[in-house]
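The structures come next, written out as structure tokens.
Look for subunit A in each of the two complexes below; its partner is subunit B in the first and subunit C in the second.
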Partner chain A sequence: MEMDGLLTYGVFFLTQAGIYAVLALGLNVQYGLTGQINIGIAGFFAVGAYTSAIVTTHPSTAHLGGFNLPFPVGVVAAMATSALVAAAIGRITMRLRSDYLAIATIGIAEIIRLALKNEDWLTNGVRGIPGIPRPFSETLGANPLISLGVVLGFVAFAFWMVERARSAPWGRVLRAIRENEDGVSAAGKDVAHFRLQAFVFGASLMGMAGALYAHFIGFISPEAFLPLYGTFLVWVMLIAGGAGNNWGALVGALAIWVLWSATQFMTDALGAEYATQAGALRVLLIGVLLQVILIARPQGLLPERGARKH
Partner chain B sequence: MVTELLQLAIYGVVLGSILTLGAIGVSLIYGILRFAHFAHGDLMALGAYFSLSLVAGLGFPVWASAPFAIVGAALAAIAIDQTVYRHLRKSPPIILLISSFGIAIALRSVIQLVWGPRNQVYASGIQIPWRFEGLVIKPDHVWIVLGAVVLVAALHLFLTRTKMGKAMRAMSDNMDLALVSGIPSERVIMVTWAVGGGLAAVAGIFLGMDTRLHPVMGWSVLLPVFAAAILGGIGRPYGAIAGGMVIGLAMEMSTVVIDPTYKPAVAFALMVIMLVVRPQGLFKGNA
Partner chain C sequence: MIQIEGISKAFGGLQAVDSVTFTVAAGGITGLIGPNGAGKTTLFSILAGFLPADQGRVLLDGEDITGLPPHSLFHRGLVRTFQIPHEFSRMTVRENLMIVPPGQAGESLAYSWLRWGKVKAQDRVIRQKVDDVLDFLKLTHVADELAGNLSGGQKKLLELGRTMMIDAKVVLLDEPGAGVNRTLLNSIRDAIRRLNTERGYTFCLIEHDMDLIADLCDPVVVMAQGQVIAEGPMDVIRADPQVQDAYLGGGVSGRGVSAMTEDDIGRARPDSTVDTDADESGDEEWRP
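For the complex of A and B:
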């Protein structure tokens, strides 16, 4: 590869890793801090992506909107919509145990996926939404470096928010809920209320990541949100990096993204006739990796500071 | 209108039979190991594909391939438990749940690698259905319902008449008491996986007969299977029968009023309503 190609790839690579980092931070609020299992990450991600796309694209008869509003409005709208979806479902499920919540999130993601595919008036169905503007492209041009800068800026912003939340008394309550729900309840805290806040906060970050993805790729369709792989990769990232540790979420996102991309180079070498098998093989490898981590190093690369040893 | 509803009810009972077989496994595993087994749908798919190999490769009839698929899926379930879940028995159940999510993905990848990503069927061509008074019943539908009834009856005898079955119920009812009374827990766990895996294989084969085989078939059916298990009271295998039938009937009958694409949403809605109104299930579960 030439120098230019390498640089372009590097920018592309880091931008995607950054989007995954935001997702991993969102999951860290839900699982790492609070112990909630969300198997529907791809659903919230998709809601964010579609919201921002509808808000920022030119008016179209093919789908709702677009409303031609600037990129920051799209991101805020994406976060708000994801948060709303999370709040609606969270109000019902927050009093349940974590495994019931996990099952419920599969349902949410599935319903969102079906709606994206079938509600043509809203999303243009399987044909998707094209022409989503790059961030600030009207003033700064469509340089991929600018997209990268914007994404990294959002990663830093998300990290700052989650880290503040974690070290604040609010975050301590969440971790206490994770470790001993009855104790927190006995101390007079409304456990369900705190859980709901954490779930909504995490989901809004996932919506933010969705918006970044939509503006970075420029075109979204239900195909782009293969529910499982998105959700699954984010889980492996957080577990590998260290659940409960925000640095762990960042490191895990980068490390697993490097691995995931490296396996693509390896399987590309097999040739196009094995493309589908190669894809399955990559997923299988990551699936095995998750088991190895859970058994050999469940605390991840960067363990949570002050965590109780299991 | 009445005929249409009756027809949908027939489809509902067929789907309910399939869901029941899956949900019994989920419930048994939950009762013994205390975690929601997210790879159960993909275990169903694996069983269905084992059967396909014998049907398409060696010319077996589907019914004759079933015993091999049952043994294959049971062995696969035991192997997964021994290589992965056994090392996580001391971890919180939440870790086992995440691990089984990873296993689900891995199983699906294996299916894609071995059998390919496209839709497949056991027998091409259209079965000649029986018609009564405007109702259409395919022979496969009868086999599915009969097969489920026979298996549920066999499971009932196993749980109530054999020592191992009683040990399983004892562990599910009161783990500590069962352990101090000398029940060999690791052996019970192994049998639980064998029974759950075997039933999952049959459920997968039936699902493949009723629709088609596809690597994602297991994951798509996971939500209704869990809904059935929760409705019946998770950890209660008998409740799973009622849960499976209610979910199956509701999913099929709902197509009168809503777009059939949203059938999974019906299962989801019923499950959520149940969790809010009566989280212990129709029959008291281990919740």
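For the complex of A and C:
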């Protein structure tokens, strides 16, 4: 690859890693701090992406809207819609023990994906929504570096929000809930209330990531929100980086995205006749990697303070 | 203070608590004793809102509090501790106590993001309070240790410490002395007495250590098989043949009824429980 191509690839690569970092931060609020097992990340990611797409695209007969509103409105709307969906789901599921919540969220993400696929009036079905504008492209042009800058800005903002929340008494209550729910009740806290807040806050970050993704790629369809990319990789990132530690979420997102991209180069080398097998091989490699991490270093690259002593 | 009126609770076919009625008087230290499986802890869980009662009601200062969730009861000044310590293992001892004070501004996300100065200032005040409590409990040297690394006895102290972080009215202590060595036990005893006299806490405590009960509690309520079988000062309780029967029927073996005379009950606690884990070790105290 020549210099120019390398640079383009680097920008593309970092932008995607940044979007994953926001997803991992959202999951860290839910799982890392609170112990909630959400296996429906892709659902909230998709809700955010579609919301922002509908809000910001030009009017179309193929789907709801578009409303031709600016990019920041799209992001805020994406976060709000994901938060609303999470609040509705959370009110029903917050009483469930964490393993049941896991099962419920798998189902919910699939329901969301199928709805996106079938509700043509809303989402244009399998044909998807094209022409989603790049962030600030009308004033600043469609330079990918701008997109990268915008995404990294949102990563920083999300990181600040989550890290501040974690170190505040709010985060202290959540970590305590993760350790012992009855103990938190005995300390006078409304456990269900805090759990719902964490679930909704985490989901709104996933919605933010969805909006960033939609504006960066410019086209979305239900196929982009399969559990493999939207959920599984995010879990591997957070666990590899260190659940409970926000720096771990960032490092994990970057490290796993490097590995995931590297496996593409590896499997490309196999040649076109093995293209189908190559795709499966990448997933297998990441699956094996997850097992290795869980056995060899379950606390992740950057463990939460204290986790090591256990 | 707390009136318990006809509380019943069954788990499947097991009648764990059977129309229990008694009163925990304001400003006193009421003892609740009885063999294992008598329903004492179940009753505590109902009083503190952790379990719904099948029947009956609980009044706090004349107000019906039956069925209120634990956090609302906490805000009315009714707190409990657990027989098996419920510490937050992967948090420091200090953090374990800093959780407790109600109404912390930083428990709101918006405040954490927008009013960090206020959140930090409040945290400093709470931290000071925690230091006082740790000092009182002689846990200062482990303040920054993870709570999961504490000994069983220290975890018991931490349970007690939680109740000291607020101005509680009624504190339900579930076996504060189980698994605690003599020295620690004395500090717990002193702590309870001081909280009672200096801060006016009303206590109700479950305990198998008859020394501790005789020292602190009046009256003592005895439960067996879900029912209250006796109630009164310790001297009267000791002489009650029904109480002696209940304990012997509760799986204690080795000695005759004479084991239950005043002289013996007082020193029934073995010294071998130093810093072991507290789980369900109650029976041991009654063995010779």
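Here is the rule we go by: the second predicted complex is superposed on the first by the 305 of 310 C-alpha atoms of A that agree within 3 Å, B and C clash if a C-alpha of one lies under 4 Å from a C-alpha of the other, contacts with A are read in each partner's own complex, and residues count from 1 in each chain.
Here is the rule we use: a contact is a pair of C-beta atoms (placed from the backbone, for glycine too) under 8 Å apart; a residue touches a chain by one contact, two chains touch by 3 or more.
None of the values given here were measured: they were computed from a predicted structure.
Partners subunit B and subunit C fit side by side in the overlay (superposition on subunit A).
Among subunit B and subunit C, the chain that touches a larger number of residues in subunit A is B. Contacts of A:Asn143 after superposition: neither subunit B nor subunit C is touched. Using the contact criterion defined above for the overlaid structures, shared-chain residue A:Gln264 touches neither subunit B nor subunit C, since it reaches no partner. The overlay of the two complexes leaves subunit B and subunit C separated by a minimum Cα distance of 10 Å. In the superposition on chain A, subunit A positions 310 are in contact with subunit B in one complex as well as with subunit C in the other.
Of all residues in subunit C, only 48-50, 69-71, 74-75, 79-82, 86-92, 95-96, 98-100, 102, 104-109, 111-113, 116, 119, 123, 146, 148-149, 162, 166 touch subunit A in the complex they form.
On the side of subunit B, the complex with subunit A involves touching residues 35-36, 38, 84, 87-88, 90-95, 97-99, 101-103, 105-106, 108-110, 112-113, 116-117, 219-220, 222-223, 226, 230, 259, 261-262, 264-265, 267-268, 271-272, 275-276, 279, 287. Against subunit B, in their complex, subunit A makes its touches with residues 35, 37, 39, 92-93, 96-100, 102-104, 106-108, 110-111, 114, 117-118, 228-229, 232, 235-236, 239, 276-277, 279-281, 283-284, 286-288, 290-291, 294-295, 298, 310. Of all the residues in subunit A, the ones that touch subunit C in their complex are 161, 164-165, 168-170, 172-173, 175-176, 179-180, 182-191, 197, 201, 304, 306-307, 309-310.
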